Amino acid sequence: MLRQIEGSRAVAETVALCRPEVVCAYPISPQTHIIEAVGAMVKAGDLTPCEFINVESEFAAMSVAIGASATGARAYTATASQGLLFMMEAVYNAAGLGLPIVMTLANRAIGAPINIWNDHSDAMAVRDSGWIQLFAETNQEAADLHVQAFRLAEELSVPVMVCMDGFILTHAVEGVDILDQSFVDSFLPPYEPRQVLDTSDPVSIGAMVGPEAFEEVRYLAHLRQLDALERIPLIAKEFAEATGRESGGLVRSYRTDDADIIIVALGSVLGTIKDAVDIRREAGERVGVVGITSFRPFPGRAVHEALSHARQVVIVEKAFSLGSGGVLSTDVAMAMQGTPLTLRTVIAGLGGRSITRRSLEKLIEAAGRDELEGLTFLDLDNGAVERERARMSATRRSGPSAENLLRDRGTVSSVKAKEEV
Amino acid sequence: MTTQPVHFYQIGSFAVGNRLLSDDERTVQSNLDRTNSIDSGHRACQGCGEALGARYALDAAMRATNGQIVAVNATGCLEVFSTPYPETSWRIPWLHSLFGNAPAVATGVAAALRVKGNRDVRVVAQAGDGGTVDIGFGCLSGMFERNDDVLFICYDNEGYMNTGVQRSAATPPAARTATTEVVGPEPGNIFGQGKDLPRIAMAHDIPYVATATVADLHDLERKVERAMELHGARYLHVLVPCPLGWGSASNETIHIARLAKESGLFPVFEAENGKVTSVSKIRRQVPVEDYLSIQRRFAHLFGKNPRPDVVAHIQEMADQNIARYGLVDEDADSKEMAE
Amino acid sequence: MVTAAEILSVAAFGEGRHAQAFPSFGSERTGAPVVSFCRIDDFEIRTREPVMEPDAVIVQDVTLIHQVDLFSGLSKDGYVLVNTSRDFDELGFGDFFSEFRPERLVTCPATELALELLGRPLPNAALLGGFAALTGQITMTAIDKAVRDRFAGPVGERNAAAAAAAFSFVTSKEEELARASSD
Amino acid sequence: MEIPFAITLDVGTSRANHTGSWRVERPVYVDRMPPCNDACPAGENIQGWLYEAESGNYEAAWRKLVEENPIPAIMGRVCFHPCETACNRVQVDEAVGINAVERFLGDLAIEKGWDLPPVGTDTGKRILVVGAGPAGLSATYHLRRLGHQVRLVDSAPQLGGMMRYGIPAYRLPREVLDAEIARIVAMGVEVELGHVVHDIDQERREGGFDAVFLAVGAQLGKRVNIPAGDSSHIIDAVSFLHQVADDDPPLLGRRVVIYGGGDTAFDAARTARRLGATDAVIVYRRNRERMGASGEELEQALGEGITVRWLSTVNKFEGDRIVLEKMELNAEGFPEPTGEFEELDADSLVLALGQDTDLSLLDQASDVTVEDGAVEVQASMMAGASGIFAGGDAVPADRTATVAVGHGKKAAHGIDDFVMGRIPAQKDRHELATFDRLNTWYYADAPRTKRPELEKIRRQTNFEEVIGGLHEDNALFEARRCLSCGNCFECDNCFGVCPDNAVIKLGPSQRYQFDYDFCKGCGICVKECPCGAIEMVPERI
């Protein structure tokens, strides 16, 4: 049923439809609304049987999920940012043990400086952990992806992370069609664990594996990720046939057929990019968009097919690898090896910086003029940067940059603004 | 009168078994059909107290639950020597996740069992002292506070043995470890109060907290059985000497554990809902020297430059325990018989 | 304020339109200065950028007007609704709004109405009533329903009452203005 | 379930890893000689029969006991139990009341009418046993079990020798004596009483005996020359006690002085008291420390109102007065006269200065050496190579009934080897189970509440019969105090304390065995074995 609700609420209700048996909660913005809502449903008896456990840290949250999943229960949790990093060790462990846990990641920047707003640094930090990472473009997709995530996770015994942009999606109120229970039950069969702690059939799970077998174990995990590349589109297709909605899948293209510039991105920014693209199209520019839903496993072939006919690809990323550059860009570059394609990386929206349609239009124009450098930072305040660099070179104890930059900006009152005009 | 308790006096009273006892009066370890939850072929060092303690505790838990036990294990010696691919020594369902998260993983297992309505199967989490008092401390406290239905067993060998004998918050004062070498003006581990986890556990007012050593099997098994009668968070702290880390002879393991108790350095007691309900009295009191002097980790206290001051300090610690728990009984024998 | 934007989006949704409401994400504490946005459209709303060029600005906390640039991007044809019992001159804008259309500028004592009708200084519903009266972009019926959806029972009643009161307050103010200009 | 590769493993698979290869030393189970057995002159397997008694299996215990000693009810009364002196438990709390349990078993056997083990299949050999005291009876019993025919002769009208004619009835009730002797006789023994052997060779020849065992004892009371008036009444203790045993007690008067410091002196004194003497005074030339009798006996005697004059000799006995000379011990501890005298009223003087053996029957015997009144014997108890064996008080050794019983057994086996023409088998003794090999932690002390009762019983044991011995429950208790030194009593310690589950329990009374596939040789089992029945031996590497 289509309802005007907050993204977190939509996700919480959909997760509940998936009948999780153990849910672990630890508060961290911007994920908190999701877990609060699930907790309320458990407490009210609307989600049962389900153990809702208030843990003492994210590390414990993932650990509880590990124990529950290994005992054959469908386990769910949600986190963001620092929380994900705090549970990092357990995140790798869950994947290593092949436990089909599903976790919502409300994407948020990582400090210092502490910043609660959206970017993709957290997701990128765990991209090598062995988790499947699916990025939602809208709240509708965020909700739908959870159903597919449980299905996928349990089919392959691999944990799945549904990434949705913090605040931008989690806190946005918009129309979302919430699935009904009978459909979810038919789409998502009860959890059949591949391995389980069972007193009638005891096994030792989590052995120490030495050089003689470790590489094989890792390779087998990689093969499971490749299997996921087969399963993800099929599950999305099956979902689409039942719901009529294009949710999930590996990649989605928009107006790329004749495009010679294609913008590649993850998550909710795709909407704004599409608006910008439409406007540039009106101006006669042949530009399109490719959104990547499955970041891990990375759909190299699908990306190659989606981009190979373009002249220039501009990857807009909400995270980057300091001292190197784009993260997604590296994967795209790998996928496009051997093509004459020009690849451009644009870092945008870090720490919640708004990515405006305007800026994107300018970006596309610049791309059209082949003026983009290899690595660009969208709407970077070069003045502020220069002033701070000057300060730093001038005095050793120039103080923390973040604070200096804020002081530079100051605040502007309505009236002052007017006077400046 | 012929049925007078043969049990706890006369011949072999404190021994593991006694052919004069009826089967149901026997310890688990004296029974042919004991489960050997951790089986032969494990790679523990000669005379490993932890291997022994783990079998004692889990076999007892198995008997108490008719074999319905699931074990969670923190990283550490026990985990490494019991499950190196391709062999495992465990005969029970067993899960190893990480070093610091055993209590939380156990919480998850317990939650899953509860949600599936599986009331018979009980959860035991086990870790060394590092996984308990240091890296696992946060999760353990959380598990206690939620009163999850888990028996957490700490096998305390007073250091990080698996990594080559480094100091933990359970390492006693003056002890030599690889990170508290016997150099400088105050050789060995610095004096601190250490982390008295049993008392910290009691402060959570959980249903059951107990300490035990591998030297008193009857006591250890009784405590495991008691713990299994109760639900909620339960904590058992077992002293397990480590020949390698303590620098003791491999055949001294049980003897040393006994001296730890008889000197008062390791108080053996049990508490329910935060209150001490029983203590194992010292039966043949010994000065701490007797305990310290047979371990190379304390050799520097008795060597060329002996440190009677330090030994005296350690004796004070023992005396404090004796006072705190009333470990010395005027009529120890009859007390012990009464038990 | 977040609540206001949300209710407004729900009201629009109720009228079969596409709507999107979101806060200028900040700390979750109530009381901290917050901007929130609402888009209403007849087509799917894809953009996720904040509203850069608002058609209307509702100022809930009048004390902010001298601290933050509240009206950047607002066109001369834009609507302004300020929660205050004073008028624009008293607020010290001077000739700030000189080029704006006066019938699209209104102040409304929403907080006072709330105190009177809810007994609590929560002006959201009242402001939405005022907004409906000022802009005509949304019907009072839709606001009334959305408010009652959001707040159950008597609380809903009282909020709806506050909204209605503000609606008639602004409506009468507009009528006054119309009369004045027609004179 | 099909489990993930490497990360998840099937249970118990580590048994494929044979950690036994780490071992440099291996534990092995041993049996050691318990100090009680070691100290028992009769060579009883005390730990063995206590083991049976511990489980309340008294008949089995008694059967194990009479393997070595056919007269436990008697020994349980008259033995001075060196076993208890040697008992390791002394160092934990106090010795196990072995003697008391022995007496309990002996009495129970009489009460239940248990028979001695069957006689052996007839060898056709005939053995002459001269003297029906403890040595003779013991020899007879063992010879019969070995299948030899025995002719048992004694000069006295009844069997028992010194047990009947030396030990007063209050220490050894005659019905007990008779019962245990009867059991031996019932094995089929030719008995001739009142028969004095004058020439052993002749007796042997005429009787066609393949061997002879001389257990004639020492019945001649030593006499010394004491100046005495004709009226003064002097008698030697042996004759005195013998007459008492014959129910023909001599009249000693009210004031009796007994001269000597051995068991006999005390027997005489205490008997005199029982015969009505108001004063029974023991005069002894040495001091208490050097007295021959046991402290236990002294205590009991003093308890009965007997007095002792230490460091005194009888100088003369005239009329109703005895003159004593005070003595003092020199550096070597020998008593020397001081020239100080004192007087003592006395109606009679009993001389208890030791006994001599009447060996006149050996006068004709070839190659039998007699040295200061005793027959020289070899380890087999054979005197010379002639097939003449001797034991008991007739040979140089402590003159106690227990020693005699031991001699009898030894001689019987010596005779067996001799008549069957066997070379005596060398029996190698197990290493001694010394206290330091025990882990006494595992033995609890008896509860304090229980101790007084036990001590009382232990005291009573060798005391007047009016107070009984142990009864079943405290006998069981007492038996269970045994530490089982050096011999496994199946406490399961090794089975329990092995960190590698490398001990296999074989089931009740089957003990254990090591699983050397997994034993890493840590040695905990050895250290924690309560009774020291495991030892480490180096591996050959």
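Which chain is which? They are A, B, C and D, in the order written, and residues in each are numbered from 1.
In this section, a residue touches a chain if its C-beta (ideal position, glycine included) is under 8 Å from a C-beta of that chain, and two chains touch if they have at least 3 such contacts.
Fair warning: this is a prediction, and the values are worked out from it, not measured in the lab.
Comparing per-chain C-alpha centres with the mean over every protein C-alpha atom, the closest match is chain B.
In this structure, the chain pairs A-D and A-C differ in their number of contacting C-beta pairs, and the larger number is found at A-C.
Centroid to centroid, with C-alpha atoms defining each point, chain C and chain D lie 115 Å apart. Averaged C-alpha coordinates give centres for chain A and chain D that are 93 Å from one another. The distance from the centre of chain B to the centre of chain C, with each centre set as the mean of the Cα atoms, comes to 67 Å. Chain centres here are Cα means. That of chain A falls 34 Å from that of chain C. The set of chain D residues that touch two or more partner chains comprises 6, 9-11. Under the contact definition stated at the top, the residues of chain A that touch 2 or more other chains are 97, 198, 202-207, 209, 213.
Counting partner chains per residue, chain C has no residue touching two or more of them. Shown here, the protein chains touch in an arrangement that is not a line, ring, star or fully connected set.
Those residues of chain B whose C-beta lies close enough to touch chain D in the complex are 1-2, 4, 6, 8-20, 26-27, 29-30, 32, 36, 39-44, 46-49, 51-52, 55, 82-83, 85-92, 217, 243, 249-255, 258, 284, 331, 333-334, 336-337.
Against chain B, the residues of chain A that register as touching in their complex are 21-22, 24, 49-51, 53-57, 59-60, 63-73, 75, 89-90, 93, 97, 197-199, 202-210, 212-213. Considering their complex, residues 1-11 of chain D touch chain A. Residues 96-98, 157, 194-196, 198, 201-207, 209, 213-214, 216-217, 220 of chain A are the ones that touch chain D when the two sit in their complex. The touching residues of chain B, counted against chain A in their complex, run 67-70, 72-73, 79-80, 82-86, 88, 90-98, 100-101, 104-117, 121, 138-139, 141-142, 145-146.
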